[in-house]
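Notes for the one structure printed next.
Chain IDs A, B and C follow the sequence of writing; residue 1 opens each chain.
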């Protein structure tokens, strides 16, 4: 247990002094710094009774998918306790504090795409390097290459985490609202009509001009959702290939800003800020008909809209402008973890094909393990809630074509600054140029 | 901090008025036992308050980020120079003052009135006295969710009410003044009962005989409130003004949650306070050095604001021929 | 008894002098309603799903599904552990703060000693420093002391609220007349005895108020505990973190958890609320 390791050491030392080394081996569940004995400790990393702590933020769902119980069957001597913080931002603050002080770290720490670049650039030496673990080659072969690379230093020698999920994107939409507006609503037709952002925006204008659509309803939820999807379709998003912020020269930002502000000025957006209560309500109220939809968003929609809207939502097998990714995480093991070997074994098990298949089936997390993604249980999956859409095939196809631009330290804050200003274009009719320069001012506060 | 120090106040006051009938302090002059009384407090205080405070000052002179905490380099006063030439800082500074005024003044007036009413002989007074503290006990997150619903520009109860009486609806989130009023409403709701309770505790220290004497002199309720309650509460009122000023200057929880946990204080920073700016700099933008500089600048601003409060209170006190200092204040209840 | 010599410094047994009229009752009732409404609405939100809350006419009455939701919340998060820990933390903080603050507040108000002004000024000044930035050095200090993750790490820094000292100083200054203390000294009482049997009885209402405010502040404190504790040994606010799992947390369950976490606060209210009134009745200073 990390939180009392100092005291344990003191206690252990005095025990050694008093009774001799024999006693220490006897008390299996109290002292268990296993990194020294990892080599021949079997597949679980240790043969002692061990409690592993897993630091997560509120969106994983390993426990809910039954994986901790399953691991208990594989390794009966291992007990897993989650250490959860709801918001990933709060989680990251806490993780940074603990990394800075070098104490209080869990045996396994989740790393989100929003801060993986920071971990790679500033804390790589504090995490176990997955290129040097005994199973390194086998581990690496499992993942989409880009997923492995995002968690690695630029020389490729150090890798801080093994992937959990990825977020290939398509478009989720309300087929009932499109029908009501007198527009096509079947996924195949829409996939053709929504092939580019220009066509997507044109379709939105038709929706807005329909006399039969519900009053107050708009085509897409927000300009932000257009922007934060389109930005990753460029050669660069927020950073250049060295991982340095480069907003002004990025083709991704330039194009995405043009499409998003176009959508805002054409009035096809509902002007809602994502992840706010008003946005949450709109999944059922019908304030918008479509949004950019990574795999994990399907679960979010289902949770917010509720069972009454089953069959009204659908997924179109297309992403205007080309396939890309939104979100995803890794699991890392701190060098200072109390039970390093056991933690490595757990992370390898969680990243393996079968467990990632389970996480897709039970949690809606699309596998970052490419073998899992090809598994029939993933590839043939359909979603009852989303009008029986073949989501396994849709997202599998998209994830095999995805383009991943470089990421950097401040992507989260930069994206927040830009999408906030898009809200001003939508709701306060700020000119796109003024909004963009306001966003650059805010970004400068972050990058310094 | 000279305003807070005792000798200044006492000498100023000694020149002004004849010797006081009672001495404020000075039981057993030079009593060493006093150190024993304050020692436990200051021991804990030094370790867990002064130390982080000094550390913050140190950090404010570096380009610290939490991710690279041990690689921070000395940059002197650059963080402070950055602040004073920074539009975000001055915007937050203005917002802090306006929200501070909108939220504090009505709040304290209402608290005083409520405390006065609760000081009446009242059936179920325990219940009422405790009930007014409910806002302080309700989790801030739950409260803000509810206020955000009430003030929702589209579906909220308040705009619905305005619509019903044929008044134009208001953008309580996007526009500067309405959003500041909404944030102030949450602050006022949350802290009024708290201050009322502090006033109530102060009122109970006022001698009943004074009320009886006043009543015999034919003073009505209002006259009793003015001439007995208010003078008796002077130190408490000063205390709440100082504490509320400090609280207003550090305000960040309510505006943070009013924008769903985003620290920008609205899409145009229309209700971003200094406390929130500091939070954004330090925790969202990971610029601890800059945030620490903001913290220390806020400290200086608060010192100035508190001194201004005390100065005003002292001038009023002098005009009315009675002392009013945070440290020396003791009620000398007089009845006309 | 001689220390009853003075007639000042006390209210009445009934907590007031004037009989309340009906206007008073109406105003107080309104204030109470406004104060309690969000708690009530928390119950409403805890008994309805997201979809029900999003309906065009949102519900205004709670129902029995609040019980189920509390049960679900208890399965999701270690709320009971959090409650026990929070009672320990908030209780120790309330008791400790009241004790330290009353002692120091008495010294500042009634004893003359070298450096008292500077010490008090330092104390009030630190109240003006936003200590959020101090969290990093504080965590490192706690880690070095081996306290990170322990409840002690939450209790220790909270003990020294300058607010408490300042509050008690102001109250002692106005509620305890010097004559009373002089009289006790003339009886030959030692300082600690004077403090215990003269000052403490006179400032009981203020102690109760300070205890209550400290308890509540500690109960709702979030920022520091979440940094220094883990969800295996949480305070109640930290244990709420485990409620919202998955990408679409059900607000009703989060609210049910919040509600469950408020119950002990209501109990403390009931107990200390009586003290605030009762403290006056026993006011030993009343002649």
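Simple rule for what comes next: a contact is a pair of C-beta atoms (placed from the backbone, for glycine too) under 8 Å apart; a residue touches a chain by one contact, two chains touch by 3 or more.
Because the structure is a prediction, the values reported are computed rather than measured.
*Asks:* Which chain is most remote from chain C in terms of Cα centres?
*Replies:* Farthest by centroid: A.
*Asks:* Would you mind telling me which chain pair, B-C or A-B, is linked by more contacting C-beta pairs?
*Replies:* Result: the pair with more contacts is B-C.
*Asks:* Measuring centre to centre with CA averages, how many angstrom lie between chain A and chain B?
*Replies:* Comparing mean C-alpha positions, chain B is 41 Å from chain A.
*Asks:* How many angstrom lie between the CA centroids of chain B and chain C, rounded to a whole number?
*Replies:* 17
*Asks:* Could you tell me which residues belong to chain C and also touch two or more other chains?
*Replies:* 135-136
*Asks:* Which chain A residues reach two or more other chains?
*Replies:* As it turns out, chain A has residues touching two or more other chains at 93, 97, 100, 281.
*Asks:* List, in ascending order, every residue of chain B touching at least 2 other chains.
*Replies:* Correct list: 66, 69, 145, 149.
*Asks:* Provide the residue numbers of chain C that touch chain A in the complex, in ascending order.
*Replies:* Within the complex, chain C touches chain A at residues 49-51, 53-54, 135-136, 139-140, 143, 146, 148-150, 226-228, 230-233, 240-250.
*Asks:* Along chain A, where are the residues that touch chain C in the complex?
*Replies:* For chain A paired with chain C, touching residues are 2-4, 6-7, 53, 58-61, 63-64, 81-86, 90, 93-94, 97-98, 100-104, 106, 280-281, 284-285, 296-297, 299-306, 308, 363.
*Asks:* Under the touch definition given earlier, write down the residues of chain B that touch chain A in their complex.
*Replies:* So the residues of chain B in touch with chain A come to 63, 66-70, 86-88, 145, 148-149, 152, 154-155, 174, 260-262, 264, 267-268, 280-281, 283-287, 290.
*Asks:* Using the touch rule from the top, collect the residues of chain B that touch chain C in their complex.
*Replies:* Touching chain C from chain B are residues 1, 4-7, 22-35, 37-38, 40-42, 44-45, 47-53, 55-56, 59, 66, 69, 114, 117-123, 125-143, 145-147, 149, 189, 193-194, 197-198, 200-209, 211-212, 221, 224, 232, 235-236, 238-239, 242-243, 246, 249-250, 275, 278-279, 282, 288, 291-292, 295-296, 298-299, 302-303, 306, 326-327, 329-331, 333.
*Asks:* For the complex, which residues does chain A have touching chain B?
*Replies:* For this pair, the touching residues of chain A are 87, 89, 93, 96-97, 99-100, 118, 122-123, 273, 275-278, 281, 409-410, 413, 416, 420-421, 423-424, 427-428, 438, 441-442, 445-446, 448.
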